[in-house]
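Look for chain A in each of the two complexes below; its partner is chain B in the first and chain C in the second.
Entry: the complex of A and B
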């Protein structure tokens, strides 16, 4: 409907004043970003638990986190059907978004699982 | 249905992971009895962890929902359904009993 597209276009203008041409559906973009965020958070928690059970310490655990996030990125790209630009603005959104927040969750659950399995 | 199935798979993955954690705890207890050092988890625990990782990955990719196209003119974003209150739309009204005076207005 015309009104719907107009409202999303005005949202887009508000959020990014530089982009003049309204070529995106901002509502769906927000929804896609939320899906990415949920996936990354869940995968960093699961990765933290696995790193803790495996008994990783130090740099190995962070390398494991990078591996898990890379696999998750590939999975998300595959979920998008390898046509990233019909669902996202740029590649950074699917590859880098939620990386640091996920790292915090990862460290939390990594130490948690390590303590439970290996120390207590 | 897809969401439900993914959710069940995620729960299964978490259960497998917790079982792997429990196995590792037992293995460490065994090592303590045998007075050996811990060098790494046993192979079945590693297999279990990989299985749990794959299941949880699948759940993480399916449960949060599907991607929606951001192109305004794509197939998914077109609205083809009619409004639900079609029965209440009235195209007849009183003005049709009045004579059309369009010609008079045009003459003056």
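Entry: the complex of A and C
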């Protein structure tokens, strides 16, 4: 128990030290951001096609988009080994980045697949 | 609530799918054309020098906390002292760059080429869509919208009784134009069309007035609060080692 306390304290100290000095290489950070952007775009396109084929309409489709984005975030965090601060500045970047940009692609491919499968 | 329209499958086969495929292909074509037309002009030595200088100053600013205060002050003096600091631009040379920019036809030509490679395909595609596909109800978006969106989504058909979620072919073109940007960034790699516009903006900003960016860099270097980080790093190393030991 004491050991556990100690480790959590030292962890806290560690994260504090990491917060005080930005030790991230700017170029690597940018490349990480690019990876996030790519995976989000890819997931929104694939998610749009799936939503269209399954025939979601209205609010269901947008909820599906939120689900897909949440799954992407969890996947990215798992890929980062659950230590986000060693790859990114903050949690916002991994969770919120590219959210609205993907929405447009999602709507387009959703509409496309939905029309081809269900409307005609 | 208007009754559901029955759309002919021929519309799908001959309007919706060709339109989307053509949009994708034109995007790819535009990418390669702009890549071919990009002339690699010989960069001016002075501009390169100033750019490198700015990068060096920025590196110093970013890594300021990793060197002792004395070294930091020496380096800052090297960059921004009033007599012969590297970031100080003599007053007489300020409008020189602008005049040079106007007198250089190569740069204007390059910019025009880039603009043309953007505008011409878009106008052509729009004219093509108008000519062949005007007046079709091409698609239906799977979520309801308010009346306000009618002018946006049913551009080209004048029927006020049709439900707003039906999309005309011309508006489908616009939806494609904006929505395919993500797809292009996936299939064309990093240097997609959006990057191109960004680079253009950057270049015009850079070529516009280098002395201004030098001055800005000097100012931000002057206000850096130096705080040597290395003494604190012993705690950090201790924490890391303790974590490893457990």
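Basically, the second predicted complex is superposed on the first by the 98 of 120 C-alpha atoms of A that agree within 3 Å, B and C clash if a C-alpha of one lies under 4 Å from a C-alpha of the other, contacts with A are read in each partner's own complex, and residues count from 1 in each chain.
As a convention for this text, a residue touches a chain if its C-beta (ideal position, glycine included) is under 8 Å from a C-beta of that chain, and two chains touch if they have at least 3 such contacts.
Bear in mind that the values here come from a model prediction, so they are computed numbers and not experimental data.
Chemist: Applying the touch criterion given at the start, work out whether A:73 contacts chain B, chain C, both or neither, answering first, second, both or neither.
Modeler: A:73 contacts neither chain B nor chain C.
Chemist: Does chain B (first) or chain C (second) touch A:108, or do both, or does neither?
Modeler: Once the two structures are laid over each other on A, A:108 reaches chain C alone.
Chemist: For A:59, is the partner it touches chain B (first), chain C (second), both, or none of the two (neither)?
Modeler: It touches chain C, and chain B stays clear.
Chemist: Please indicate which partner A:24 is in contact with in the superposed arrangement: first for chain B, second for chain C, both, or neither.
Modeler: Only chain B is touched by A:24; chain C is not.
Chemist: Of the two partner chains, chain B (first) and chain C (second), which one does A:34 touch, if any: first, second, both, or neither?
Modeler: both
Chemist: If we overlay the two complexes on their shared chain A, which of chain B and chain C does A:88 touch? Say first, second, both or neither.
Modeler: Touch partner of A:88: chain B, not chain C.
Chemist: Determine, under the contact definition given at the top, whether A:42 touches first (chain B), second (chain C), both, or neither.
Modeler: Both partners, chain B and chain C.
Chemist: For chain A, give the residues common to its interface with chain B and its interface with chain C.
Modeler: 26, 34, 38, 42, 55, 116
Chemist: Per the contact definition, I'd like the list of chain B residues that touch chain A in the complex.
Modeler: Residues in contact with chain A: 10, 13-14, 17, 20-21, 24-25, 28, 38, 40-41, 45-46, 49, 52-53, 56-57, 59-61, 63-72, 74, 77, 79.
Chemist: Quick one: in the complex, what on chain C touches chain A?
Modeler: 7-9, 11-12, 16-17, 20, 62, 65, 139-144, 167, 175-176, 178-183, 185-186, 190, 229, 232-233, 235-236, 238-240, 242-243, 246
Chemist: For a test of understanding, state which residues of chain A touch chain C in their complex under the given definition.
Modeler: 3, 6-7, 10-11, 13-14, 17-18, 20-21, 26, 34, 37-38, 41-42, 44-45, 52, 55-59, 61-62, 101-102, 104-105, 107-112, 114-116, 119-120
Chemist: Can you check the complex and tell me which residues of chain A touch chain B?
Modeler: Chain A residues touching chain B: 1, 4-5, 8-9, 22-26, 28-29, 31-32, 34-35, 38-39, 42-43, 46-47, 49-50, 53-55, 68, 71-72, 75-76, 79-80, 86-89, 113, 116-118.
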